[in-house]
Amino acid sequence: MLKLLEGPQTLGRGKIFWSCFLAVLAGALIYPLFADSYDVGNFSYFLIWIFMALGLCLMWGYGGMLSFGQTLFFGIAGYGYGVLAINMGGGTMTIAALVLSVIVAMVAAGILGYFMIWGGISGIFFGIVTLSATLVLAFFLGQTAGPEWHIGTARLNGFNGMKGMDPLAVGDFYIEGSALYYVMIALIVIVYVALRMLVNSSVGNVIVATRENPQRAEMLGYDVRKYQLLTFVIGSGLAGLSGALYTSWGQFITPSSIGLPAAAMPIVWVAFSGRSDLTATLVGSFLLLFGFQTITIYSQQAALVLMGALLLATVMLAPQGFVLGIGKLVVDWWTGRRRPDSGPALAAGRLQSDET
Amino acid sequence: MAIVDVQGVSKRFGGLTAVSDVDLTVNTGEIHCLIGPNGAGKSTLFKLIVGLYPPTKGSIFFDTVDITNERPHARVQRGMSIKMQAPSVFKELPVRQNIQIALQERFSGAERSAEEERLLTLLDLAPDSGKLAGALSHGQQQWLEIGMALALKPQLLLLDEPTAGMSPEETFKTGELIKSFNSEGMTVLVVEHDMAFVRQVAQRVTVLHLGKIFARGSLEAILQDEKVAEIYLGKAHAH
Amino acid sequence: MSAELFSVFYQFADVFAFLILSAAGLAIVFGMMGVINMAHGEFIMCGAYVTVGLVNLGVPLPIAQILAALTAGIIGVAVEFLIVRRFYKRPLDSLLATWGLSLIVTQSMLLIVGSAVRGIGTPEGSFAIGEYTFSTYRLVLFGCAVAVLAGLYIIFMKTPFGVIARATMQNAAMAKALGARTGRIYSISFGIGTALAGLCGALYAPTMTLIPTMGATFVVESFVTVVIGGANVLLGTAPAAVFLAMIRMALNASYGQIIGQIGMLVAVILIVRVLPEGLSSVLVRRGR
């Protein structure tokens, strides 16, 4: 099984890479000892979104399915967690609420994905149908201000959003502050490692084969629709995990975390980072979230303008992603075997592929 | 014993009838060539057998099972293997990974590695196994795709113009490769233009003309059929 | 004609106009170049702001609306030249690039103009049939939607530009080989598309609150219409709009706007499952 940690689908292998990985992990683990609790809380907040980015990376970079619906499933699980946590009561039940809400998001992804994939939607249309569904959910939730809109005892509350649910807890112990931070770190390590193993497994082989040439993959006996649906459900489920964690973290969720411009954010993170690699997405998304949060304190609009500009710049200057491009240059420089046909050229070649 | 049995199949596109009421039988163990002049409907018939289109009329049986409404992947799982006309490989993936994707359903572990090496050597692709498939020459991509089709260990190998774009040497080598697999028990159906290649490999031949079956028989019989020569072979000889 | 019947027609016309006006520009750009312009909503917003700005300066509404559409068209040509042109072979990238543009424009507008702009109010005028009263301006909008379709029919079917444009749409390489300046065709088509978006904004400006994010109100309708209408504006978008307007009207009347929108989306997803190539493929096939 451990062999699957490395393979043709993921960059980064060997002792040096895993040493760096462990060093970063160790740094992350001792960080709360040196930082004040506000910063630790903020850090946890960035980490919430990483799942959504990794999910999109899987679908888009590996599966060739550009879903604009990450915030749709983020919202379904986010509201789902709220509804379940309010109705089932706090305490350990919140863990069940978290798990169930992610399952609900995955079921929703399964249904939407079935109709789209079996209907032969791909490429651009996959993006705009998922985005349409996302915006419709956001509009719908925006119009639920009245008291008649409730599920059990949970009020949806329109634009003001749902609040009053308990955060994650085990018995009387609320998972907050450093505890939440460690839970996040653990979840990220698990998800990252699991995704690496998935994409390097034989299932991952079929996922990338489907991205490259769905007809050829089908002619090798694979029902590509099932693999696409699986990819979509996993990727969207990760967005759901982000959503449920988000609601638990802040004890509120509003429709604005679903609609525009929120829906564009995962696209910016993953495009900027480099969609074809999980590690690049992990690192790049974290950097962008950090930068975004820093600027948002002064002006949210300015931060969003910057995000738009980054997306435009990425597509025009480095369609393979800035973080991935820089990472490859560094690796080439480090290993000292810069060949003209490897590195950026190879990455640039890879980009054109999902359009053909 | 027929492995493929096409019964009364027609395919219309709008007002155009590409294939009209065609019966075709491919017997187990033979190399069967489907020939005919341009526009005869060969490729359409091929795609109907593969499952890329549903026929407008008629039925297709594989190993006595009706597969008329099955999707391509299900047909492949029954024991067909397909190489399409234009080279269709996973261009952005390394050559070795292309082969692995084809092999992984039937082999695992050490057996898979051994089969991988055997195929790469057989196809003369071992030195290039780390290259991206898209970086191979046209002929090599054709070979790689034939290799992927063979990796499935099919009962029936379907090839649509496998030698298009190959040099005469490569074409000859491909023919020998197909014959060697046939001698191990694999049935082969080839759609082909190149008569030299047909002469090299064919045991039985079906001639398609204007969407209908024009003639069928052993290679010798077809080569001696004057009507066939008139519509097709005459032109081919002239080339 | 009974008042009830007219009322049904009126509601249909209202939704139909909204669908056609929001989708026509997007559909032309998609049909010609295979590009989805994610900044479509921002061109609509541009049309609305220019209209309101000009009216506040004393320009009569209809003239302001025409000027607004032209402004959006000219900006569209510039955007095509600077950005979209580079991505004709990479449709997904053009979608991302225009999305980036859309974010920049919306958020900059929020920074510069702020969220509140003085509106101009719907032109007055209504008429009554039986016990129902109807807004005249809503019927004007319907008239404009029909006029847009007629105009597109004339441009694409009856002018030399249209002949070349359709040839380019069928086979760009062949059209180019025969001497068509495909670059210019694309640039003009993109301009027409964004001008129609601007017109949509200009026409709806009097009926809604002006905010920089108003484009989002239109994008769902324009997306779903294009998804089931496919690449052909006249044979795809128009019938798609008729079809969706009927669903939407029925649901709006019984359950309200938001259920209407949800129902429309569900209908689109179901249709796509049944007709993967869109409505226009069915119509084109029948036509043969």
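Each chain gets a letter, A, B and C, in the order it is written, and its residues are counted from 1.
Just so it is clear, contacts are C-beta pairs under 8 Å (C-beta built on N, C-alpha and C of every residue); 3 or more make two chains touch, one makes a residue touch a chain.
These figures come from a predicted structure and were not determined experimentally.
Asks: Averaging each chain's C-alpha atoms to get its centre, pick out the one most distant from chain B.
Replies: Following the centroid criterion, the farthest chain would be C.
Asks: What are the two chains with the most C-beta pairs touching?
Replies: By contact count, the leading interface is A-C.
Asks: In whole angstrom, what separates the CA-based centres of chain B and chain C?
Replies: 48
Asks: Roughly how far is chain A from chain B, going centre to centre by Cα mean, in whole Å?
Replies: 43
Asks: For chain A and chain C, what's the span in angstrom between their mean Cα positions?
Replies: Result: the chain centres lie 32 Å from each other.
Asks: Help me check something: in the complex, which residues belonging to chain A touch chain C?
Replies: Per the stated touch rule, the residues are 66, 112, 115-116, 118-121, 123-125, 127-129, 131-133, 135-136, 139-140, 143, 259-261, 264, 267-268, 271, 299, 301-302, 304-305, 307-316, 319, 352, 354-355.
Asks: Residue numbers of chain C touching chain A in their complex, please.
Replies: That would be residues 34, 36, 83, 86-87, 89-93, 95-97, 99-108, 110-111, 213, 216, 219-220, 223-224, 226-227, 258, 261-262, 265, 268-270, 272-274, 276-277 of chain C.
Asks: Would you tell me which residues of chain B are touching chain A in their complex?
Replies: Residues 50, 71-74, 76-77, 81-82, 84, 88-94, 97, 100-102, 104-105, 132, 134, 145, 148, 152 of chain B touch chain A in their complex.
Asks: In their shared complex, at which residues does chain A touch chain B?
Replies: 8, 202, 205-206, 208-209, 212-213, 215-224, 346, 349-350, 353
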